[in-house]
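Remarks on the structure that follows.
Chain lettering (A, B, C and D) follows the sequence in which the chains are written, and residue indices restart at 1 in each chain.
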């Protein structure tokens, strides 16, 4: 029988990272968390998460950023904001999740095999280039990159959509895509 | 300048004392440097810094220096004058100096606690001390005026706090007016069945006190009454009380209640306020069986006679010769003079309709804790049976703690009593129905005498304690076992698992909040409220029942959430403070009154209409007319002083020279001043 | 009635799977005398994915939309029918005003593009416009057709009523229900009205996304609803497209029309049937065809 | 021109405005005490002169403060209806409105002179008001003295010291 050993050494905690997180937009209030669990209770997806949202906050408060960044929780978050509207402390948990997602991608520690980060990145690339998202091509690219078998399932719904006149295979693009690219560049440079 | 020059005493000898307040000041402000600076200021003979100026040795230091250095002005740089001005005035007086030759500088609340930057905090402290030294030079010896204290007391609110305060005062031989807005005294406590943690019957301990109020020769009890106007000041308040008609005369009624029986409405059909609408009453009713006074009341909103004028008036008939029913009664205004006031107006419970996620008002089986108090009460709408609105007996009950409390969207404070009353209700529900009871809590708070033991008892009784705040209550069934139930979705935070718990009954442990009209009362009595709206005590530790309006005291939940033992203790304290005031007979008044330099006054009358106390009159009609200020009426606001076009009104302790000197002192370091 | 003008930001979904929303919204607004002028050269709002990658870029995307609105018709409200677009645009406005760091980035990018930097655009959801600018009473007075369909469950979804929005109160909103009642459409008390459909989860973690929508449909049926009324293209998509698949997996039959509120409203207000995009619906075709017919005016029933 | 440029430079770096506060004893002074007990940190630029009521603030004090080199003056009183002395704060308001007009003529920018209602429970608000005002005055730069005084105002300013006659300027109706 295999047993797992779970122990956290205090040296694994990084209070500076917690401080950094606190300064990120939307993350100011997590320090006030009461650990009441309202977020998890309100979240329709918490039952699929490896850590409930409340536990994620507990992890970031204590500076255990490795657990917080590599967990599935943040990628199961559908950004529905139920936690944020119910939180008695006014913590914008959804915005905290976004920050963790960004940080996980930046550090490349997001769980492999989950298609959610793939979708996010594909979406990002497509809009970055064309200014708009073309649903058909987005889903196709995501499936090819993460789970080609899903195409079989997708084909069925795709067919229904096509018949209902809801599937467009045209690539949407804005006229001034170059203007948008200039803007991204300017924003990256900052002021 | 000439005027000021004349007044400047030739031999000013100032002593300056800079307090460390342990580390409270010294950790931020360089107190040595402040004292150093003070030493160099004109007029300063001695300047010291000391660990605790308010301590006995600190005060002795001042006394000693007055003798050794022949000091005639004192500046103490320490905390807020609201805290220790009296202390240092006493110290100066003990050293043989007139107490009004002392001035305080607030370098704690206004400097060290709010400015973390050492250099800039020290700079500010130095400037404030410099300003104070310049100001104190202009101080003059003053005599205290005394006002006598009227020995009668007004108690507003007839809950347990008001009742206890009134009885304490009356037993000490003082005359008390007890004013209650409801038709009976008793307040929220009268609604409870048992009290935690001893589970003694609320009625058994409260009813005798209510009767004692009624019977006490020193207490004038006015129910259905409200304070509508307040004038005057400590020692001499003039209060106007409006008494709304009961339509049944208290002096004639024998309490036989035959009128209620005789009402043309054979069945009770209007929501009963005392039972929170869980039962019905007639238009003529007794609020509850133990009501004091034991006199029925007629509700004009539902009585046929008042609505249409076409009632057979069977109640009048039933009363017969006694003739206690007076349908012509009109509001009556009483005016009383009292020396002090105790505010004991209580609280209201949080309205859970403000949190639709808990389904109150949507699902009939969601109750507030106060409603359940009535349900478990033997004299309540169900005779103490715990049944749902449809008559079923619940087999499972969920009690949600902290409803409206500890919530930034609603009331951020902890309501203090909910954990304990939830335990009490859990015990009573379990005892009487055998139902499975779930408590959903964020933190269990049981810090009173016998409280933790009671929690332990509940744990042993098998009540569930789930640490987690319920996210929502709904009748959404995901599983056949949940059909027909209310489902609570909650993260059991100790398990780290989200649970769905179906129950028959949900109890919302609603928090305590200030009454919605506390604001009006606050204005009437000119007391302050804290940010959350509870009446503000003068000092949270050292003056917990006094307010910033002298002679007005607070007791009970109008000052903040508290349980019955704390409420009674506070009511006793408020009564004791009032007694102390009365027995002193008189009170020293701050001599900061305004006065007129008659020679300069042109009797232009600008000031006369400005004075809110009508303290100013024009005298000397025959020769040279001028304004005169009655020092007994003047409260020292200084509005007339600022408004006098000829500068002939002045104010003790706030003389123009003093204030201008202070301004100059502050700005002395600025170039170009 | 004076014609009110709004700028219109359809968003990517209304160009594809949400085309029925686009068509019925335009028609519904026309019926009420509200003019929609489509924003020229609009771009994607960034949706939920962008924030997960690059916060600055996400804000720049939405800021361009807002700036275009400012440039093309200053002072005119911008209608965003997709709840996700609505939330993202409003959140961006909030972030720009709240966080100087983000503001300076956004302003730099707008300046570079020659777009207005000072943005004062009011972003609004069609439900909010109908409720506040027209009002349920005025809509009630304009009813032309008597609803022949069954009871509906009003599903608000998540984004539109969440922290940055002002469509309705965030917990147990009621405006969509009241609007349906105003046009005599019976509603059921649907306690899952703001429970999330999972958004793009049906595309990523399909089983989870499917389960969320199964729960929503099942509860609507349990409540006695014969159709669901939605106000977001993603919600409509998720609830509409996968009913077959759910039926296969659970063995429970599902064939509920999932309508846009603009379709129901438009029909009741007497819109031309062909312009309501009904042909784009997938589930519950039989009911849709029975309910939405060219009908005599409402007087015939009185 | 050069001097102007210097002013700007000074205002952007190192200029710490000096603001005189006149706080009423019952509301704003207590709010400052509360800010202290709550350990709310705020800008250390305000020096408080305690008065019993905002109604005690003589226009002369305000002029005196500006004349002696204050960069701003903040009067704090009780909210309308809350005055410990019934309506001293209304008197202060009337005086403030008039005085602000006069100060503007004298070249004192509106941001330098404020009247705020801050109750005993509003420690947080006190902090916000002070921080905001300090920033505002910092942006305005140091106060460079009054414009040339109109005669009437010169009288008003010095009246308490030099004149025993009732002043004939607008202030009489205060």
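A few notes on this one:
The criterion applied here is as follows: a contact is a pair of C-beta atoms (placed from the backbone, for glycine too) under 8 Å apart; a residue touches a chain by one contact, two chains touch by 3 or more.
The shown structure was predicted, so the numbers you read here are calculated from the model rather than taken from an experiment.
The pair with more inter-chain C-beta contacts, choosing from B-D and A-B, is B-D.
With centres taken as mean Cα positions, chain D sits 51 Å from chain A.
Remark: chain B and chain D have CA centroids separated by 32 Å (rounded to whole angstrom). Chain B and chain C have Cα centroids lying 50 Å from one another. Of all residues in chain D, none touches 2 or more other chains. Residues of chain B in contact with two or more other chains: 357. The multi-chain contact residues of chain A, meaning those touching 2 or more other chains, are 86.
Every pair of chains meeting the contact definition is listed here: A-B, A-C, B-C, B-D.
If you check the complex, the residues on chain B that touch chain D are 1-4, 80-82, 106, 108-111, 113-117, 120-121, 123-124, 127-128, 131, 523, 526, 528-531, 536, 548-549, 592, 600, 602, 604, 606, 610, 612, 635-639, 641-643, 645-648, 651, 654, 656, 659-660, 662-664, 666-667, 670-673.
Taken in their complex, chain A has these residues touching chain C: 25-26, 44-45, 48, 76, 78-82, 84-86, 92, 98-99, 101-102, 105, 114-121, 123-124, 127-128, 131-136, 139, 142, 146, 150, 153, 156-157, 160-161, 164-168, 172, 174-176, 179-180, 182-191. The touching residues of chain B, when paired with chain C in their complex, are 355-357, 362, 474-478.
Residues of chain C touching chain A in their complex: 12-13, 15-20, 41-44, 46-57, 59-61, 64, 87, 95, 98-99, 101-102, 104-106, 108-113, 158-159, 162-163, 170-171, 194-196, 198-201, 203-206, 208, 212, 241-242, 244-245, 279-282.
On the side of chain B, the complex with chain A involves touching residues 357, 402, 406-409, 442-443, 467-472, 489-493, 496-498.
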